[in-house]
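Just below sit the structures, each encoded as structure tokens.
Next, two complexes with chain A in common: one pairs it with chain B, the other with chain C.
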Partner chain A sequence: MGRWTLLLVLLFLLALPLPKFVGPNPKMISNALLFSMTQMFMLITLASNWNLIGGFTGYVDFGHAVFFGLGAYGTGVMMAKAGWPFAPALVIGALVAVIFALLIGSATLRLKGPYFSIAMLGTFVAMREIVRVAKPLTGGGSGLTLPPYLNRPLFYYITLVMAILVIWFIWWLRGTQFGASLIAIREDEVGAEMRGINTTLHKIVAFSLAAFSTGVVGGLWAYQNTFIDPDVVFFESRTVEMVMMTMLGGLGTVAGPVIGAALIYWLRDVVWANFLQFHLIVQGLLLIAIVLFLPEGLMGTLGDRSSTSLGRLWGRYMNASPQTPQEAQP
Partner chain B sequence: MDQFNQALINGIMLGGFYAVMVLGFSIIWGVMGVINLAHGELLMVGAYLTWMLNKGWGWEPFAAIIIVAPAMFALGYGLQYVLINRIIERPPLISLLVTFSLSIIIANVVKLIYTATPRSVNTMFDGFWRLGNITIPVTKSVVLVAALLIMAMLHLFLQKTRLGKSIRAAAQNREAARIVGIEINHVYAITFAICVALTGVAGMLISPTQAVFPFMGPPLTLKAFAITALSGLGSIPGALMGGMMLGLVEIFIATYVPGIGTNLGIVASFVILVVVLVTRPQGLFGGLKPVEQAH
Partner chain C sequence: MNTPHGQSPLLEGRQVSKNFGGLAALSNVDFAVYPGEVMGLIGPNGSGKTTLFDCLSRVQEVSAGQIFFKGSEITHKKPYQVAHMGLARTFQVIRVYRKLTVWENMLLSPQWGKITPSQLFKPTSEAIKARARELIGFLLLDHVMDLKAGNLSGGQRRLLEIGMALMPDPDLILLDEATSGVNPTLIEEIKDRIRTLNQQQHKTFLLIEHNIHFISDLCSRVFVLNYGEKLAEGTPAELMENEEVIEAYFGA
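Moving on, here comes the complex of A and B:
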């Protein structure tokens, strides 16, 4: 049991009974809060997934929302057109995302740096048009309506478990040989290849893993929203959010995307929920500010600063965790 | 046969526009190493300026160049001064993220001011010429001629003037250009401003032929990227050829693949982009810099 596992289990136990307290009494929590938490868990999962390919492997994916959209449409089409129940439809949605990731990844992951980013942006924009044109299957621009199902606690539990599982999985992955190989690819791809790492295979596996749980989030989101159309599902801002949250927390760290997602979600909910039309503008300005002034993210900056007491505390905690085993050894 | 000829004409006209549209993008990339993902949005701003002049004061859209070009030049200079200067010699990821954010900001500011309603621009150069069974739209012919003129002027500027020569020198070898006394920061600022002005003028050219709306940018940025992959960085003849290729592919797909319309043009350009980059990472004619150098 590392500290990370302990921390996660603790958070999980804390968050578990929350739906029990939902009620009309003002001292209890509201349904809206429960919904907010659900959204936040989804964003944490998305940002952590993006971090797997963008942060660990160093392949900055500007079209990751394509897997969200495919998961949503895979699930939506099976439910609305084929009349399947939710659970098997979700499996289909996730499979669609993974299969597409395998296909597109084996082409685009051969590209380096900015070329990969642009190719994925292209994949994203192209997929939105394909979904719009494939009218018989996807309903085209008028979208699909899923059977409505209002059960907030259920979605809360699913997304909570999913977020915890994904964070734990990525933390575990980071400590394995596979995770180390991903970092090696990010630091020096040619060098990694010369050491005998099958870089293409590693990249494709990491990419597909990220696509899988992004697809699951997409399917869940579609069911919760009960309506999908190309513009709402293939939404540029979703990729921007993933990038921004990961960058704010710290690219390539396990905790970074979680902290970034939680911070930005609450900031958005509390501070600029009343200025909806400025939302995307503020988001863009924030991303520029993060990139220019905080390129290491909160985790990197806090971990580095041994001058502040908070930074020292944080640094001690991080060094004691099994994430950096060589430093943890006495 | 008529259908084929018609598609050929339409493709060439679209290609001419693409060629002039891509220049700003590819010169900024070639000279400064910045991949400007806000390219489509800057073009959209030029189109909106034209629409304002057209609706508000009844200007002919092609005459709007006397306002659009200087206004966009100033915007470009300002952007360079405030933002782009900070990202020029940093890793490509930084410039991608910053210009990507910039594109979202511009699109949403325009949406906030003018709403998302598509706007149309009226020109007196409308109607058709008939040539046998082929129709030639007048507006698009004017666009093509204007695009060719602009490219010829830009070519002369880059080849003959002192400033144009320093821009080419900076593109070829930054350090050597510094050594021979070229003020590199000044060259960067002027290059970015000229390219934004060029992009704005491209937006002016496209405004009478299609709807102008805040989110028209991303497909155009993507097409600019695809054409650059075909044609190489900063080459005017290359841009003309790459633009024509994409224009023809797009129109022929729309003509011969039934039930699809021009929506899949973006898919075509994406497929071209990925195929070219995967099979020839240096670009179709070897004009793309390897990523290591693009830093």
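Moving on, here comes the complex of A and C:
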């Protein structure tokens, strides 16, 4: 068992008995905290998924929340309109997200850099309007109400298991030839293709994998929220959050999105509680600060301190000479 | 076309043309590379050498003409497909994975044709690691193995890119200006490695080169491009005497 697997299993065991302590007396853990944890596990899953395409493959997806929305609506429509139970409806939700990823990915993943990002942003906005217009199926702007089901511990467990599975999956993928090829594509796509990597296929597979679990989170979120409408589900900030969490933690690292998601979730709670009116400004400032001072994220900065100004400062402060690019003699 | 080796060509271009808008970068270029030879491709800047490489390695579409590799047509194949067939290349603007170490760079260039889908989802095999270790030694990169490729000197990066091209054990290697920005001692090393690979492992090379000594030392035949057209073809000694070539290339 690797270091990582061990850590994950430990975290899982630690988090496992939490719902047992919920109760009014002694009030060790409130229902609200359990709900917060559930939200955080979802964000960790979302950020890890975004990292697969944005961090490992290097395709910065500004519309990734479209898969969240499709998962939510796929699940919601099957439950509210067709009267299906939750589990099979969730499968449909995830399938809708994957099929859409295959279709849109085979078109947009041919674009490079900012063109891809903007095409995905456009896809996201267009999908929101399509859902709004498709009133007979989706309920349009007035939304859909799902059969209510209040069971906080269950959602807690489902999201916990999902987060652990996704982190483990990405850690495992990172060690395979496939995962390494994604990094090659990020570093130099033409070079990767010339060295025998079928870049189009790799990108589409990675994109669909990311869309799949994003769709699952969307479906879970819809059921937990019991109500969905186009604006609450296709919410731009959701993508921005995924980007921000991944960047804060470290693009293309396994632990980065986990740490980033946990930190930002906690920070957002503090900001919301204290400056409700300014929370978007704070969010924006944070994103700017990350890009300026921590372009490699927390994990990247810890790994290679010479890569960021903050890291170099830290290195100087710690009296350890930061690594400088070594110009080895030929 | 004459067949100096009495065999069928390994790589052959027939009437290859490439236009960028109104500009004809290549017009009706006919040429062939035979198994086991080291062939040179020279020409002034902007004569279409790299464009020809891009068309041959399928990084760019041709506007007209056909390309054959090992007897089968590859005119519309993808770069990864010709890579699986045994064609490798390096780039004029070096394309190594700068943020990864030399070792990781090498591991990312395995013999894809032999990787089955199930192996794709397994860690890198010992065979690939052994091959990477052998090539790193062969190209004198042992001492920089754990450095990031972006921190290497230009010459070392050239060597690394050659190593990455060799990883899949290709039959034909296209080298685009392997000596530019490389110091004289290292040029001798590169020359020596190419010669070893050609003579001991029977690898075929096509080189784009501005260094005329490099060309005349290594190549049995040289092919000259000028304004996207084939100007001449022959042994290095013959071309040194050719008035047209001297005028176009040496500017005399």
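Throughout what follows, the second predicted complex is superposed on the first by the 299 of 330 C-alpha atoms of A that agree within 3 Å, B and C clash if a C-alpha of one lies under 4 Å from a C-alpha of the other, contacts with A are read in each partner's own complex, and residues count from 1 in each chain.
The definition used in the following text is that a contact is a pair of C-beta atoms (placed from the backbone, for glycine too) under 8 Å apart; a residue touches a chain by one contact, two chains touch by 3 or more.
Because the structure is a prediction, the values reported are computed rather than measured.
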*asked:* Applying the document's definition of touch, where does A:194 land relative to chain B and chain C: first, second, both, or neither?
replied: second
Note to self: Quick check for you: in the superposed arrangement, does A:115 touch first (chain B), second (chain C), both or neither?
What the structure shows: first
Partner chain(s) touched by A:277 [first = chain B, second = chain C, both, neither]: first
Request  = For A:177, decide between first (touching chain B), second (touching chain C), both and neither.
outcome  = second
Once the structures are superposed on A, label A:285 by its partner contacts, choosing first (chain B), second (chain C), both or neither.
first
With both complexes overlaid on chain A, does A:148 touch chain B (first), chain C (second), both or neither?
neither
Chosen between chain B and chain C, the partner touching more chain A residues is B
> Looking at the overlay, what does A:88 touch: chain B (first), chain C (second), both, or neither?
Replying inline: neither
Going by the contact rule set out at the top, does A:132 touch chain B (first), chain C (second), both, or neither? first
The residues of chain B that touch chain A in their complex are 35, 37, 83, 86-87, 92-94, 96-98, 100-102, 104-105, 107-109, 112, 218-219, 222, 225-226, 260-261, 263-264, 266-267, 269-271, 273-274, 277-278, 281, 291, 294
Within the complex, chain C is touched by chain A residues 173, 175-178, 180-181, 183-184, 187-188, 190-199, 325-330
Per the touch rule above, chain A residues touching chain B in the complex are 60, 62, 107-108, 110-115, 117-119, 121-123, 125-126, 129-130, 132-133, 236-237, 240, 243, 247, 277-278, 280-281, 283-285, 287-288, 291-292, 295
Per the touch rule, the chain C residues reaching chain A in their complex are 57, 59, 78-80, 83-84, 88-89, 91, 95-100, 104, 107-113, 115, 119-124, 143-144, 147, 150-153, 155-156, 164-165, 167-168, 182-183, 185-186
